[in-house]
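Several structures are given next for inspection.
Heads up, the next two complexes both have chain A, just with different partners, chain B and then chain C.
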Partner chain A sequence: MTLPRSVTIAAYASFVAALMLLPLVVSDPFWLNRFAKYCVYGILGVSIALSWGYAGVLNLGQGLFFGLGAYMIAMSLKLASATSLQQGSTTPLPDFMLWNSEPGAVTDLCCINKGSFLWIPFQWQWFGVAMGLALPTLVAGILGAVIFRKRIAGVFVSIITLALVLLVRLVLIDAQPITNGFNGLTDLGWFTVAGFEFDPYVTPTYYLVAVSLSVVLIGARLLVETRAGLILQAIRDDENRARYLGFDVPAYQIFFFCVSALIAGFAGMLYVLAAEFASPTFMDLTFSITMVVWAAVGGRSSILGACIGAMLINTIEASMSESATFMEAWKVVIGLMFILVVLYLPRGIAGVVKDGIGRLLGRRAVAAAPVVAAGE
Partner chain B sequence: MVDTLFIGLSLGSILLLVALGLTITYGAMGVINMAHGEMVMIGAYTTVLSGIYLGANLLVAMPIAFVISAGLGWAIEKVLVRRLYGRLIDTLLATWGVALVLQQAVRLEFGLSFLGIHVEGLGPGLQNVDVPDFLRGTITILGTEVNGYRAFIILVTVVMTAVTWLIMNRTPIGMQVRAVMRNRSMAAACGIDVARVNALTFAYGSGLAGIAGVMMSGFKTVFPDMGAPMVVDGFMVVVVGGVGSLLGAVAASGLLGEINGLVAAVTNDILARAVVFGTVIVVIVLMPRGLFSFKGR
Partner chain C sequence: MSNKSALTIEEIGVDFSGFKAVDGVSMVVEEGELRVLLGANGAGKTTLMDLVSGKTKSTQGRVFVEDTEITNREEHEIARAGIGRKFQIPSVFRDLTVRRNLEVASCLTPGVFANLGFGFPAEDRDRVDEALELAGLREQAGRRAGELSHGQTQWLELAMLIVQNRKIILLDEPTAGMTQAETFKTSQIINGLKGRHTLVVVEHDMAFVREIAEKITVLHLGKVLAEGRIHDIERNEEVRRAYLGSKGIA
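Take a look at the complex of A and B:
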């Protein structure tokens, strides 16, 4: 914020350039697929920074939106898989529905079990895509309207979002006949655009994710610079003052809450393309908090920082996961890193980098941007 | 019907046992201690280890677990939490880090597993604790046979709640804690050593979690990740009851426990938990200050 604009532009440009050039360095399809997943985590980082850093709303249930997006597209891709198409009925039929069907049930999507008709429109892939974007936004809109109109703030928002994600997770598991419960949706088909199939292990899929990340990143950065974005930051810093100045506080909060959810849902969809499954673990408590960790380490009030934090932690984690013991030890490192970041680097990596650049430019250290106190 | 209500009551008492410590740490100190569940876990492992190495049963493990987890809580307050007062969300994040470290400490057997040393009773596997003979079997209350151990849990919860109430309301230190709860700076101005009160409160809250862990070990499998869901449940009880209110925590845990028990009796455990989460959301939305809240200044 206090850095010259050229520095910010340079930072974003070089990040995007690095994303685009990565396939030149990494040719192993396995690693390229992994980086595609990390780009998805980067998008999640952006969504967290937007709601936490800029709106001051610590959402501990971001996994809900991610999971909803993931399930919506996964339903479509499940119906497009070879096994679903070869179940001997006129409509494609997910294999798990057939396994669990009652004897004598009609083997058709309309009525193999009570809820299976919900799957019918998902035969059209673009319906899945549209729902993957619309459903998280809609849920966030309703949730945000309730929370922000009632002026619930701080840690209570966190508890509500947390309870909601756990609730939906349980309902999802309980609705076993239509969601395949704990097992989630696996054995998916490929996302297809105009005859081109996005095999997760080819370069175009990486580019699909990387370009999406770049668009989301720059879009979010531009969004917070708009008038609405500035008002949002004013609300974050002093909600009452913004209210007395005549701004419709909840409207701005709801809008950005929805945008954050939309981005998370989008991330969920891309994740399914790269990882080829959707499971209730997306809505685990741990996953939602882990996202917050990424953003905190990268810099909660910096969109690029949160994005890089997410990608960096996952890349290091992947290189650690060569052996099981290392993996366990790595969790200790994550835990310690988290404690140290909260204690000594509340602005995360982005804060350190900003200060460093500020010094290099011969200015006084960039005036400490207020640590976002989302609580109290 | 009585047995369903009894199951709800015992579920509620377990919730209360976990939430009791949180009511104090969160209510009095404004610290969201995500490592609280790990204190429960440590209490449970204390039972496992004292069973293996001391041949001690559950009852003997209770004071040991209290001392160990209280000491650990005291250390966490001294090293970490005291730097974070007034930064509510940051306490949540930092103690989540502590929780990870504690889980891994148990899973990696304090790092000994790197050296190829295995400590029996630790490690990533599942542990079980045998309930002493006199708590096994069933007892008859109101003409209904109920599980003896569940009845014992309810008894322990009642005792711990009573003790906590007495400490808070009938002792000098309790009065200081309540003063700090109401107004931290004013309490300091009146000569209360706020830092000391904070450390003691945090230690006591953690100690309660340790005892909850001992009780937990009697009917649940003990493993390194067992604490995480508990801390969430505990927080929901605290928030629904009203931050800092002991009475609220009792009422909320009773309410949520009974809802859980009744819905589970009609449908299944998964839906029952979902309904509990739904209730929590509705209560927070309708009454953001919780069922019972006092006015802080």
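Take a look at the complex of A and C:
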């Protein structure tokens, strides 16, 4: 059953309001920073709901797009850090490049090692931002074109995306001279807009992330309300039927796959602002699968549900993390929760809540106008 | 009725690694005509529809919609060229409501970017309402398509084709699994489409065929065995032997 529009709008509005009011309740910068990270996870939840719930594409390599976004901005912020600026060269230079340089190498981004020139444009922070959005989208476009034009579907898409994220992770670690390998990019500068520096532990940074989440959340919701969003859901239900109605099915799948990747890349960038590092762990299999669990528990076919699922699970996890035994137990709880949800609650928490509200409204409608209810 | 041909099939055939499921079938269906395809199980009726609609690529022959050749084009291009198709196993968008199903079908601008807007133009909504009415699904408009009965699902798929308003409509066993009453209603819906669309219908139910048929093409082992009015077909000895069997057509 579909809920009245007013209920949906109320749900989104109260969630956004809660995000905006949070700093009034939480004043500890440490916790505010944590919540900023959970907002990032919320954005990831949205991106998973879009591809899994609405397009029917279970991407087990969403961490690839997140990681690409993260690395792009982290490269810029690395060059903006105090250490990079004080290497005594004309261009800023990441410290790890210097540590690993051949004796006598020219200490300049152009040629300290074979790949270092790639870093040159990242001296401009906005280049990093642009790449953080463009690269995940582009990779998704190419990957999507291959997968969907070849009519690969279902579990095979999951296997391909899973393999790809692992592959890129290996390459990333292997390209140690320009990526700092396992260690990732740490000791970053702050994101700066018009002279204002986004210190991860101040309220404006929280708001940057929270507003981003709100925009992504509402944007994604509006997107699935468009005709294209409706056709996408039709394609999810029956690809062939849509084809014989005259729709170029792969075009829709590629488009929404790209949007999902763009959102994940954006999340990666925001994460770097809040966490001050980028690491190959973003492309670990466990991370990509964890995102899917968040979305499944929250409700993959609900944009808001998946978002809240991601934030809720992380908040619970953090409040338990004080004790090591709890942490171990928590992993089991999460695993169990996933299995139970998949088996018994395919629509997740969002489904339960929707049904509950629906029943409440239904009962009221019956009381008010029995005829309407009977016609349903 | 004009004598312009809507669908022209020339010597079409497909070779499934040695087995010719359809083998040089030619057929001209005139504009506004309702053609029934008859044939025993495995005669190649569904495969012929697959060849026309692009699901199966042909290894010989050509297909035209009016003067446009559509042989082996992509399915969505063939659909846009004017062919709508209903499947033997009814297929609808199960998680969308009945109305949403029809709205998707009503959307005749197929591009992604063209569809980044909200809502549907008034004339599309009118067509959706009309189709709901014609298929008798007005009461069900708000229900999830997956909850419909078998008969209603079939009608929904028909209604989607009505909304699409394609020139040519291919129907593969539209009454399969229906009760007598449902079959009767289906024949009424199909009769309502006569003249407005060119129809090609695969059907086994002879009572139903008599209800709707004008001209019949009989397929046998991938070839055309006979073609003609229902009386001629019923009397045709070859058809009796090949398809209708001892029980006859009566």
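Note that in this section the second predicted complex is superposed on the first by the 361 of 376 C-alpha atoms of A that agree within 3 Å, B and C clash if a C-alpha of one lies under 4 Å from a C-alpha of the other, contacts with A are read in each partner's own complex, and residues count from 1 in each chain.
Just so we're on the same page, a residue touches a chain if its C-beta (ideal position, glycine included) is under 8 Å from a C-beta of that chain, and two chains touch if they have at least 3 such contacts.
Please read these numbers as outputs of a predicted model, since none were measured by experiment.
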Q: On the superposed three-chain arrangement, identify whether chain B or chain C touches more chain A residues.
A: B
Q. Looking at the overlay, does A:162 come into contact with chain B only (first), chain C only (second), both, or neither?
A. first
Q) Looking at the overlay, does A:137 come into contact with chain B only (first), chain C only (second), both, or neither? A) neither
Q.
For A:173 in the superposed arrangement: first (chain B), second (chain C), both or neither?
A. first
Q) After lining up the shared chain so the two structures overlap, which partner does A:237 touch, if you call chain B first and chain C second: first, second, both or neither? A) second
Q. Which partner does A:293 reach: the first (chain B), the second (chain C), both, or neither?
A. first
Q | Residues on chain A lying within both footprints (that of chain B and that of chain C) | A | 375-376
**Q.** chain C-facing residues of chain A, complex
**A.** 2, 223, 225-228, 230-231, 233-234, 236-238, 240-249, 251-252, 255, 375-376
**Q.** Contact set on chain C toward chain A in their complex
**A.** 53, 74-76, 79-80, 84-85, 87, 91-97, 100-101, 103-105, 107-108, 110-113, 115-120, 139, 142, 157, 160, 164
Q: Give every residue of chain A touching chain B within the complex, in rising order.
A: 58, 146-147, 150, 152, 154-156, 158-160, 162-164, 166-167, 170-171, 173-174, 285-286, 289, 292-293, 296, 325, 328-329, 331-332, 334-339, 342-343, 346, 371, 373-376
**Q.** Residues of chain B that touch chain A when the two form their complex
**A.** 30, 32, 80, 83-84, 86-90, 92-94, 96-101, 103-105, 107-108, 113-114, 124, 228-229, 232, 235-236, 239, 268, 270-271, 273-274, 277-278, 280-281, 284-285, 288
